[in-house]
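Presented below are the structures under discussion, each in the form of structure tokens.
Paired with chain B in one complex and with chain C in the other, chain A is shared by the two complexes that follow.
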Partner chain A sequence: MSYAQRETPILAELCELLVEDVYGELAARVFSVLARHGRQTLSALNKASYLNSRQIKHGLVVLIQQHLVFHSAAVEPEPASYEIDWQQSYALIRYGRCLKQVEERYGAQAANVMSNLITLGHTRVKDLREAYFPTRPRDGDESDDEGINSSKKSAANGSLFVNGHAETNGVAPAKVNGVKRSHPDEEEEEAHPEEEKVIGSVAELDSVIYNLMLQGWIMKVEWNQYLGPTDLHAMAGSEAMGAQPPEGTKAKQLLELGILSRKREIRNEWTTVPKPRTRKRTAADGDISRSNKRQRIGGSDWAPRGDEVIVLDDNLAIRVNPEKVTVALRTDTLVRIVRQLIGSVPAKVYETMLRQIETHTSRCYDEWADPTPVDPSVESNQEIESGELVSAREVAKNIDPNIDLFEGLDPHAIILLTSSYSSSTSSEVDAKGVIDPPINPFTLDLEAKTRIVDRHIQRLADHPFHFATWHSRAGYSQWHIRWQDLIPSLIQHEIETTVSAGNASYQKFGVKLLRALKKKGKLDERSMGIVLMMPANEIRSVVNGLTVRGFVQTQEIPRVERREAKHSLHLIWFDTQRAREKLLQETYKGMVRALQRLQFEREKVKVLLEKAERSDVVGQEERWLGKGELEALRLWKGVERKLLLQVMRMDEVVGVLRDFCGPLVTP
Partner chain B sequence: MLYNKCESLPKGTVFFQRDLTKLAIAEDSNELLTILQDLVERQLMKLMTFDGEACWKLRPREEAEKLRKLTPDERLLYTFIDSAKTEGIWTKALRARTNFTAQRLNKGLKSLESKDLVQSVMSVKHPSRKMYLLAHLTPSEEIAGGPWQSEGEFDTALIEIVSRLVEQAIQKDTCVTVPPNYNPYTHTDPATTGSKRRRTSTSIPDIEDTHTLTVQQPPSSKRHKPALVLSAEPKPSTATTLLDAIVSMRVVKDKTIRESDMEQLLDMMVLENRIEKVGNAYRLVMKPKEERDEGLNGFVDAPCGTCPVFDVCGNRGEITARTCVYYGEWAGTESEVVK
Partner chain C sequence: MAPRGGRGGGRGGRGGAYNPSRGINIGGVELNWDLTGLKIEKGPSERFPAKPPPQAPPPTAGEDSMVQHYLAVRDRIHDGPFYTILNDGMKSGKKRRANEPAPIEAALFNPFTDNQTYTSKYRKIRRRIPKLDGRPYVTDLFPPELRSLLDDHTTGGADGGGPSKKKKTLQIAKSSGGGSKIDTYLKVQAERLQDIEARAGDADEYDEDEDEEEEEEGPEAIGEEDNFSAVSSDSEESGDDYNAEQYFDNGEDEDLDDGDPYENAYD
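Coming up: the complex of A and B.
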């Protein structure tokens, strides 16, 4: 079974809550039947629930539109069976985050398109255009309370300003085409002030969508995306097999490889961007060349010329690519962890590095990768694709120019690294450690900046987690990230953080114990004591506590034939994969509880909320609500924000524990 | 006579037959041997062999007195324990050698112990084994453990002090303190003012503007406190250099610390997340201070992450999200009261 498609009662509960929250009760009822009974045909669904078949069909349509269920209609001619896509169902929680990520990276326009795409589920381009351009009043369908509404509203308003926008930017294309800079992030910085939240025209919409497709955020909808893992496996199997079933182990192994590569082919087909038609730019199209330029960077061999605009196929169905969202989540999480462990400036540097790699990363790990070769030397010789490399100079160019890059560095080093730049006025560090004359960190030339950035990257690389690994000397220094080593460290870090949050003795010894076990493998009590340099009886209670919580396992190995406790070895051990699973389930449960609490809190202020949400009250709360009511409303908003924020942060933990790498195998 | 003569020599001297002849007390070697035989029997001298040659050593008179009063059983035990020297001998091994019953053995050992002739020590390697050795000997490292242990247990106080000193030593070697105003540059650079001008010209009140302004002004906490940062050219602090530093501080008395002991301590400190190993050298774990309040992770910052009744919390029953007192406290709201 697919690693991502595992389902546990607590995850089912969480997903039910999410579905109910976002798509209402009917969809949630159908979803829960599927969750309880597993893969079902329509008639079996009918039997298993109290809903009538019309209701079930309605519910299913919503779920299918949002890709929350797989169905086998394409491969089974008989009644199709339906099955929940757990990964996608969980991903409901990430919608709000996804919008924020898109906005940070590609600006408000792109976020706007994304939010519509999320609300509509998968859509044809035509329908999306419909949604934008006949400016119909949108009846604020507040289906998602993860905070995507703010940008959605701007979408509705935005389309009113079509003409004015086109004129203001009419002169821009010549300038942009003349200067060729090849870094999306930098452009982001420059473009921001003049970027507006409105989508000006159909062409602009198409161009935004096309750009997001090139970056991998939006993908095509294909029929085989609806196949559950089992169906997909069967299909890939039958395609890879040929006429006869394989004989012998060798042939079977080959078949396995064939299936894997076929699955990869199918999947890669989803994200290939169809070559769009173009037409001559007209005056009404406005400036969209900014995004055009990005397409060239996106690795595509084709990009429209400056005077052309993209026209996407009307019937092209598109959806959000969940894998890309996870990649972005990985970036954000890593940046947060670096900020906590090393400092804010290296975090900024790291963010710049990761964003650059992101463009070339379509997923965190390949679920269907060929099995790794047994010989480790083969692996180390593997070529690293150029897209995974970042040089210090590129980072220096792209990093936010408003950051004091000197922070966290030794003043002596600063002078050394910037010396060529300020050679005329060579600075020195006086007895108090003050640089004299001072160096302005915001006016460095690129060379000096590169050297400073390199120093920060070195700090990242020196950390025990090895956030970056040196690759070559290109561009002052070129770095890549060894995900296969980094992510397990992060998982370990997350587990340690959780343990350290317990009572005082866990804080003190629990983490130490885990680290010792991780480093040394299985230990008995005595060697444990020696490694920790502590009396064994002091450790015992901590070991007990951790065993009860399921982070540490104990094992008894008899040394003599009779299994006597006295003559047995009592070993303590720690398996990252086990602890990871355990913590993941606990985090799911924590999220369920937070959402349930939210429901409860909402119930308590139900009457007030109903009043506050009345259309004549919204926007004029001060006028219609009493003082006490306003206060209660404010309190509720605070509680809601706090709880939702916590859920989002738990989602980050889930990301680390579940999504960034496949199952770990203890060596 | 012979005893007195020998006593005048430095304590612990080992006498060979030729040394004793030189003292010229006995007429001939035969007489010497008789005298020696007599002394050994009176426990004043101890017969030993070195390189296949017989040699003798003096025993203090008081000890000899005690020994003379021993029962044969005890004397036998004593000789075995004596022969084990500082390594000590395990009770079980004693029993096997002497063929005594457990009772007889215990009785003998107890009386020896009460006479202050032997001591019992817990072995570090095998904590369940009781080792016996002579009272005046200090147990060897084999059974007593390294410098970090005393009487079979880790000396936590000593370890704590030494590890603090190690931290200080590493800090001295690898870190520099940076005063808050280490780089008093002026804010009149063309780049920032240029971009500011451009922003104002677009005259759109953008969130970005306020955002960048806050970035330019580093958090106030950093302005006030001197920061500790990694030095540009850190002296490598390895186990060897740190060992030298600790030894020169003379904090650990009458125990020698070997490099392997130091490595053990350093490894332990790495586990405690106080220092980290970079290549062969060690450095301090430095967490940025201003980020501490960001919390640990999403799970443990919520009440559930540290909830003592997390496992019994369900969708219904006494403990649910609705009735949770921890959530009530955390969110500042009232929880449902269980009837």
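Coming up: the complex of A and C.
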């Protein structure tokens, strides 16, 4: 079974809570049956549950629409079996994170499209257009314009929910017309410049979606995305196999490789962006900051010309790409760690670097990569793709110009790096370490800026974690990131942080012990004392505690025939993968506890919440709720925020421990 | 670092542990440390000193917006057609054990809050079954056995089969901002008023269809559930305009008398 798809009881509990929190009780009940019993057909589900078949079917539809469940209908329609998609179910907690990431990177409009996609599960482009810009089924073009404008007016006036029913009662109109007839409402935008910019036209919507697809945040929905890992494997196997099953080890190995490459093909097909049609841009489309977007597209070999707008295929079904969210999470986590360990300016530099790489990275690690060659020299010779390389000059160009790049650098170095280019009158450093005459960090030319940025990247590279690795001299200096080394260090860092957060003796000796064991391998008590340079009995309690917590493994090897404890070797060792999984399970447990606490706290204020959402109270809380009740509501909101915040922080730990690299196999 | 006071004095009988002129006396040994200005505790130490639990650091701006977005999306999903509250007293969807009877209605009834009053009509109605026919689907992606639920006979299909009463539209939000809930309430209410007037007729017919469907299948579980009060909810969402319309349409005139005002309410 695939590594990411393994399910554990505590994860099942966590996902159940999440599904219930987001999609309500019915979906969660059906989910819980599937979690308990594994892959099931509909009739087996009926048997295993107290729900009636209508409820189960409805629950399944909800789960399928939101991609929380795989089904095998495409390969074995009668009867189809259902299976939980654990990755996606866990990813429910990342909804907020995903939106924040998109908003940071591409602005509020993109975040709005994403939030709708998240709410809807997946959707066809035409339905999304229809929802954004409801059209009236009439013949005259003018009347349609009115329809669009009026609906937009209501949106701009501040109504959050688009109510399609009120405006549309009839057959779906021709979709192409809707595209052609779109008009941005210029007066509207002028009238409300301070409001959050909403998507103003179909062309704009299409271009936002297309841009997100190019960046990998939105992907196509295909029927084979609904196949569980086993079904997908079987399908890829039958496609790769050909006429007869292979014979002999060699042929079987080849088949394995063939299956892997077939799976990769299938997966890459999901994220390829279909080339959209374009049409001439009309005056009505307005300026949707196209130049800006074209620049950002960057890596793509095709981009619409300035006088064209994109028209996506109507029947294209799209959804959020969960793997991209993980990639962005990796960026955010690394930037946070760099900020903690090195400083805020290098963190900014690093953020710029990583975001540039992000565009070309579709996933953190390839689950279906070809097995790595045993000979390490082959691996080091592998070509690094150009998308994974970042030069200092690119960073200098793209970095936020309002950052004081000199911060954290030695003033002498600054003078050296800037002097030859900036001016003939060279500055000097006085006794207090102040540069005189001062150099303005915001008016540097690109060359000097590049050198300064390069110095910051060097600081990143010099850190024991090796956040960056030098590659070549292109663009002043070109860097890449060796994920295969960096991520295990992060995991180790996370484990050490956890161990050192214990009591005083863990703080003192726990991390020391872990590091010694990691370096030396298996040790018995005597050699442990020698390695740590301290008496064994001092460290014994720490070993004991860490063993109980599952971070340190023990082994007993008899030296004589009778397996006497006295005559046996008692070895201890540290295994990163085991410790990682242990910590991951504990993190899940922590999240479960936080969510349970949330449920409990909600139960305490249940009556009040019911009152607060009564239709006569809503919006007039001050009038109908007492002072104490308002205070309690505020308290509850604070509690909810705090608990969710903790859950999201733990989610970051889960990202580090689970999502950024595959299983660490010690040779 | 600083020794707890009192020991030296007790042992040597020389009075105070610390005398600046003589230096410090620990365990009978005089030490010439200058500890001027340092306050040394002489009393017995507290056995269980108060140790406040570690506090999580306050959220950064990014984390704050993350939580905001999560809450906003969740609230929208709760207001959407998929969110359900069964309120049937069960913890999971697994089959009951033989010796574990189904929770009876009386056990689930809270005499303090569940009594029907006139103002109960303002309470928020929660679905007990997702409303699937209000939006278009990519039907091909669903298994054949579930497709019948998606293209409902009451509507003509989004692709324009015949004239349909109601077009299927996705419910979307045009602004992703996590505005406070109270703001949204106000807007929703204004919109609701318009909508009620706009399409009173539609909903009535629609409800009848639903009810027939429910009566057809009659396993025991449904019968029980139908009597449960539907008004409970353990979440704090905003007004579900969708539901409430349905409610107002047929709620006031007929239902309040016959004991279960939620009979015709949405499920």
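In the analysis below, the second predicted complex is superposed on the first by the 578 of 667 C-alpha atoms of A that agree within 3 Å, B and C clash if a C-alpha of one lies under 4 Å from a C-alpha of the other, contacts with A are read in each partner's own complex, and residues count from 1 in each chain.
Heads up, the rule we're going with is that a residue touches a chain if its C-beta (ideal position, glycine included) is under 8 Å from a C-beta of that chain, and two chains touch if they have at least 3 such contacts.
Because the structure is predicted, anything quoted here is derived from the model rather than measured.
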* To do: Based on the superposed arrangement, let me know which partner A:Ala594 touches: chain B (first), chain C (second), both, or neither?
  => first
* Asked: Per the overlay, which chain contacts more chain A residues, chain B or chain C?
  -> C
* Asked: First (chain B), second (chain C), both or neither: which does A:Met533 touch?
  -> first
* To do: Would you check which partner chain A:Leu583 touches, where first means chain B only, second means chain C only, and both and neither mean what they say?
  => first
* Go through the superposed model and pick first if A:Met648 touches only chain B, second if only chain C, both, or neither. => both
* So, A:Asp127: does it touch chain B (first), chain C (second), both, or neither? -> second
* **Touching partner for A:Glu621 - first (chain B), second (chain C), both, neither** => second
* **Contacts of A:Leu212 with chain B and chain C, given as first, second, both or neither** => neither
* Asked: Once the complexes are superposed, what residues of chain A are shared between the chain B interface and the chain C interface?
  -> 196, 642, 646, 648-649
* To do: Write out the stretch or stretches of chain A touching chain C in their complex.
  => 16, 21-33, 36, 42, 47-55, 57-62, 64-66, 71, 73, 77-80, 93, 95-97, 99-100, 103-104, 108, 111-112, 114-116, 118-120, 122-124, 127-128, 130-132, 134, 155, 158-166, 168-172, 196, 198-199, 221, 223, 226, 317, 332, 599, 602-603, 606-607, 609-610, 612-619, 621, 636, 640-642, 644-646, 648-649
* Enumerate the contact residues on chain B facing chain A in the complex. => 127, 148, 153-154, 156, 159, 176-179, 181-186, 189-192, 195, 198-199, 202, 204, 206, 208-209, 212, 215-216, 218, 222, 227, 229-233, 264-265, 267-268, 270-273, 276-278, 287-288, 290-291, 294-302, 304-306, 310, 313, 315, 320-322, 324, 327, 331-334, 336
* Asked: Okay, in this complex, where on chain A does chain B touch?
  -> 13, 192-194, 196, 336, 339-344, 400-404, 406-414, 416, 432-435, 438-443, 459, 462-464, 494, 497-498, 500-502, 511-512, 515-516, 519, 526, 529-536, 583, 586-587, 589-590, 592-594, 596-597, 600-601, 604, 635, 639, 642-643, 646-653
* **chain C residues within the chain A interface of the complex** => 56, 59, 62-63, 65-74, 76-80, 82-87, 90, 92-96, 102, 113, 119, 122-124, 127-130, 132, 135-138, 140-146, 149-150, 156, 158-160, 163-167, 169-177, 179, 182, 184-191, 194-195, 198-199, 202, 217, 219, 221-222, 231-239, 241, 244
